[in-house]
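Have a look at these structures, which come just after this line.
Both of the next two complexes hold chain A, though its partner changes from chain B to chain C.
Presenting the complex of A and B:
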């Protein structure tokens, strides 16, 4: 008996989002099949891989990471170097120094740093929030203003602060935003509804559905991403159709496996390799669940995940 | 289970405003009602031009073009006893948003409308009755089978026949309501599409009672598997009930603003 394929395609699709300045923009989303189901229908755009840098610079205690960023000392140099990582589709900036629980750098200064990074980067830019709704509400509009013409994605528009961020970033300065909810499928939809009700059109926002490292309550995140994707496609729910961006690096490098020293746990091997493996396993699972983009810190993780995507799409 | 399909009933020649607008080819009142219904969640619009024996063909074409050109090729149910008018309407109908629905056929005098659907690649609403009210569900099923066989014999896909169990007025036929719901369940179990004009059930009741009756019956019918209904999408209470039923049946994801969508 011959095999007769029965493709499972959907009448609806994930919305496309393009970001980055003219001539250097990338587009993602657009697919009408489940993640990597390229046998059902061609995948419109492959999932993207972002490389994350921080205004505090790379962790130079990790030998391979230090070697990659060797000679790159200013933030501009670090940004330019990150863009050379094989497989990186976009640059992701974490403005750690602006965190009110840390150095609490003024928003104007942080926005100026974002501008420096954007100017030094040949890749489209995404800026992450500082995980503080009040600071993000102040910081992200300033970043939006500083990045005029860069068509960047500004993450972390949450239920508490989305209005100001949406107005400043999208309406006033033509940037894109990320609607962030914390592993809550109903809130994810609600936030998109609220953003749409402000007159922000599809194509101008992505979803950030939460983050977690593999092994750390990760199944909640994976099932949330998966359920969002299935409802977006099978129920043609346009309030769930923006592409999903999942920042993986922060969690992957904050868990015990990536932090404890080799001296304390010799049987676990080198710390850097463990961190890379946490990033890779988490990112691969996010992509399989339906993330349209992941953000990683280590160039080795970026390269591996980019290769995985290239093989599957 | 697919989402519940709403066919907006408000462009109907029984309404004096619409009757006059149709007669005078007055666009404004028709467009106004069309917009109101689409804004409130109608997927299809019913275009009832009455018997239209004199100028039905020209009138239907005018109505189809008016609605589709103004509302992004909105899919329509062409509702008239005049077969020529239906064919004329289909001639100018744009299918990009869905096939036309012929409203309606039955197992008796109007059986021929099933042939019309088959010949024109249309959907047909098939009333499970022949003469008057079916006695019981056995009779309903017999008509359903007759029409199904007839349609499929003509090459009509079974998913293009939407069976109407015939809604019965509660005041006077209260004892028939459970059977009505059971028949919807039978159609659903057979994998057939079903459609009903549910507001008939509250005919003759006081105005203040009707919305409650209509919405409760609608919720019960949806639970039984009803695929579509011809109703008034501008009845907010009724639409809220439909949306809530969809949430409870897990066909649409809950969000706090779900009633605004």
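Presenting the complex of A and C:
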């Protein structure tokens, strides 16, 4: 008996979002099949891999990471170097210094740093919030203003602060935003509906459905991403159709496996390798669940995941 | 009297004449090719661009554009002509201003703000769009006194309203050394009425930037300014024809004008208002433009947070004990007409706390009167029930009970910190206005402590409670047009959906149909959505095609069909928060109900947690169903299987709780007196055989009913 394929395609598809300045923009989303079901129908755009940098610079205690960023000292140099990582589709900036629980850098200064990074980057830029709704509400509109013409994605518009961020970033300054909710399909949907009600059109926002490292309650996240994707495709629920961006790096590098030293746990091997493996395993699972883009910190992770994606689509 | 239309036309002619002169002078001085641009804008002369699509860049270009603008000055006796003339006036005014900027990039040399840059448009536009700034006012003219000028400006400032000043009021504010500028949200635009062009330019650019309104699209522009830009105008007497002509343009954009000038002024409701008492400009204006202010803080001398909700004020710490059960007391929400309410008015009738000896016990009455276009009487009990949470959140204040059995204790510490009765009013006002802002526009609070008042008002309150209870009784599944769903629990039970009907409240017991309705109205994107019930499949079992469609969508494809009145056919799922579980007892052909609080075993051989493990998680298990306590006495309880006559066992405490209502239902449906006496409990039997003997002895109706499966 010959094998007769029965392709499972959907009448609806994930919305396309393009970001980055004219001529250097990338597009993702657009697919009408489940993640990597390339055998059902061609995947419209491959999932993207972002490389994350922080205004505080890379962790130079990690030998390979230090070697990669060797000689890159200013934030501009670090940004430019990150863009050379094989497999990186976009640059992701975390403005750690602006965190009110840390250095609490003024928003104007942080926005100026974002501008510096955007100018030094040949890749499209995504800016992550500082995980503080009040600070993000002040910071992200300033970043949006500073990045005029860069068509960047500004993450972390949450239910508490989406209005100002959405209107300032998208309407006033022509950027894209990420609608962030805490691992819950209904909250994700509600936020998307609210953002749409501000007059923000599809194609101008992505979803950030939450983050977690593999093994740390990750099943919850994976199942949420999966259910969002299935509802978006099988029920044509357009409030769940923006592409999903999952920042993996922050969680992957802050769990025990990536933090404890080799001296304390010699049998676990070098710390850097463990962090890379946390990033790779988490990112691979996110992509399999339905993330349309992941953000990683280590160039080795970026290269591996980019290769995985290239093999599967 | 001169007609309002004619005043507009005469004023327009004046403005056009002034513009003509300005342009002629500029042409003479600079020539037609001289560049002409407002600083820091990509929108040329925004009023010309917005109304006529013209991109004016030179003085000659302005001359041309102005010639076209003359066709907007239409002296016809109809509203659309007057409105168009009003827009024309703004173009004429912009021409006057543009000529100044052609001669100097900073014609006001810092004395006045003049033109607003695009950056300022964006900076102010964002909070206007998001409603963080609830609106803006343009004040023109000379206030009756310098002091009043400052009062009105500060009054708007404290309400978060952005203030644009034109004319003499600027000098008045300066004499009183009022701090002005963009950051403090008070902008001295200019000394003359034609500087209004800068404010209109701001509005037109905001519409293009934030509303994506295309130049030349009058329809879209009008829509946008009316719905999205919450602006209004205050003008002090005397109001000249010139100012009236600008007012016509403002009104055309949906911005009401409020003045104290009666001469030749023709009031139009919600549009052109005469308020002789200038100190009432603010209130009149906000109401005319439907601006609701966001209440963010509760103005009381003690801390206010949900952390204090469970705080108990003990007797020795009690400064005053309002003891509802012993003295006449009540709490009540009533809906009035908007004009009957003075917003934020808080009145105390009777002695305040500091007029009483320490430790005094007496009664109290809390009456909140609300008004709102979207307010419904059905919301009154929903607000009222939350008084408990609102009042409890104040540190050192304890509230228990509801309706006429409330008790409020205020601690010595709270008293010493300055807490008085009016602060109870502040709490209720702030919480009602912030939590229910989508339906309440105005609110005032009255607090009573005199025994005579309380006796009389408690009787009135009781009449209201009775009326509400009667309404609840008439509220049946058949008497309403829609049901509501509730997906509040999907965060942990992803495929569960409750369908809430008047006769079947949510299984958690916390969401009645009225609650769900209120939740939906207050938060249209929230967890409770309307479920229509138009295409009936089976009214006995409770199946509707549209209910099923909703369940399919809101369970994200997990549930295809739900019956509302059956435990056997596609019973409603449970998240896990159910107050009670009902399960089949095969021997007696009936059902056992067990509530969460009951720790013992049931005649099914299972405890509550064991039964819960079969019922929760959003799966349909025929023969088992989670539900709220109050569903037990509903006529829709297991209606498909014969109703509450199937109940053979309940824990004693639960039986006592539902006895009166359940007995009434059994009397009505089956003509059985004292039905609950026929139902077993843990003191009678925990074993099915013993239970059977008891049921047989009592002649329980379930024994005679048809088998359930």
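Just so it is clear, the second predicted complex is superposed on the first by the 313 of 313 C-alpha atoms of A that agree within 3 Å, B and C clash if a C-alpha of one lies under 4 Å from a C-alpha of the other, contacts with A are read in each partner's own complex, and residues count from 1 in each chain.
As a working rule, a contact is a pair of C-beta atoms (placed from the backbone, for glycine too) under 8 Å apart; a residue touches a chain by one contact, two chains touch by 3 or more.
What you see is a predicted model; the values in this text were computed from it and never measured.
S.K.: Here chain A is shared; do chain B and chain C fit on it together or clash?
M.R.: clash
S.K.: One more residue to check, A:310. First (chain B), second (chain C), both or neither?
M.R.: It touches nothing on chain B or chain C.
S.K.: If you stack the two complexes on chain A, which partner ends up touching A:185: first (chain B), second (chain C), both, or neither?
M.R.: It touches chain B and chain C both.
S.K.: Between chain B (first) and chain C (second), which does A:145 come into contact with in this model arrangement: first, second, both, or neither?
M.R.: In the superposed model, A:145 contacts chain C only, not chain B.
S.K.: Should A:235 be classified as contacting the first partner (chain B), the second (chain C), both, or neither?
M.R.: Touch partners of A:235: chain B and chain C.
S.K.: Of chain B and chain C, which one contacts the greater number of residues in chain A?
M.R.: Comparing chain B with chain C, the partner touching more chain A residues is C.
S.K.: Per the contact definition in the header, classify A:167: touching chain B only (first), chain C only (second), both, or neither.
M.R.: second
S.K.: Give one of first, second, both or neither to describe whether A:199 is in contact with chain B, with chain C, with both, or with none.
M.R.: Only chain C is touched by A:199; chain B is not.
S.K.: Kindly list the residues of chain A that each of chain B and chain C touches, one partner per complex.
M.R.: Touching chain B in the first complex and chain C in the second, residues 185-187, 190, 193-194, 197, 227, 231, 235, 237 of chain A appear in both lists.
S.K.: Which part of chain C faces chain A closely enough to touch in the complex?
M.R.: 119, 122, 125-127, 129-132, 209-212, 487, 490-491, 494, 525-527, 553, 556-557
S.K.: Would you tell me which residues of chain A are touching chain B in their complex?
M.R.: 185-187, 189-190, 193-194, 197, 227, 231, 235-237, 239-240
S.K.: For a test of understanding, state which residues of chain B touch chain A in their complex under the given definition.
M.R.: So the residues of chain B in touch with chain A come to 3, 251-257, 260-261.
S.K.: Within their complex, state which residues of chain A touch chain C.
M.R.: 141, 145, 163-164, 167-168, 171-173, 184-187, 190, 193-194, 197-199, 223, 227, 230-231, 234-235, 237
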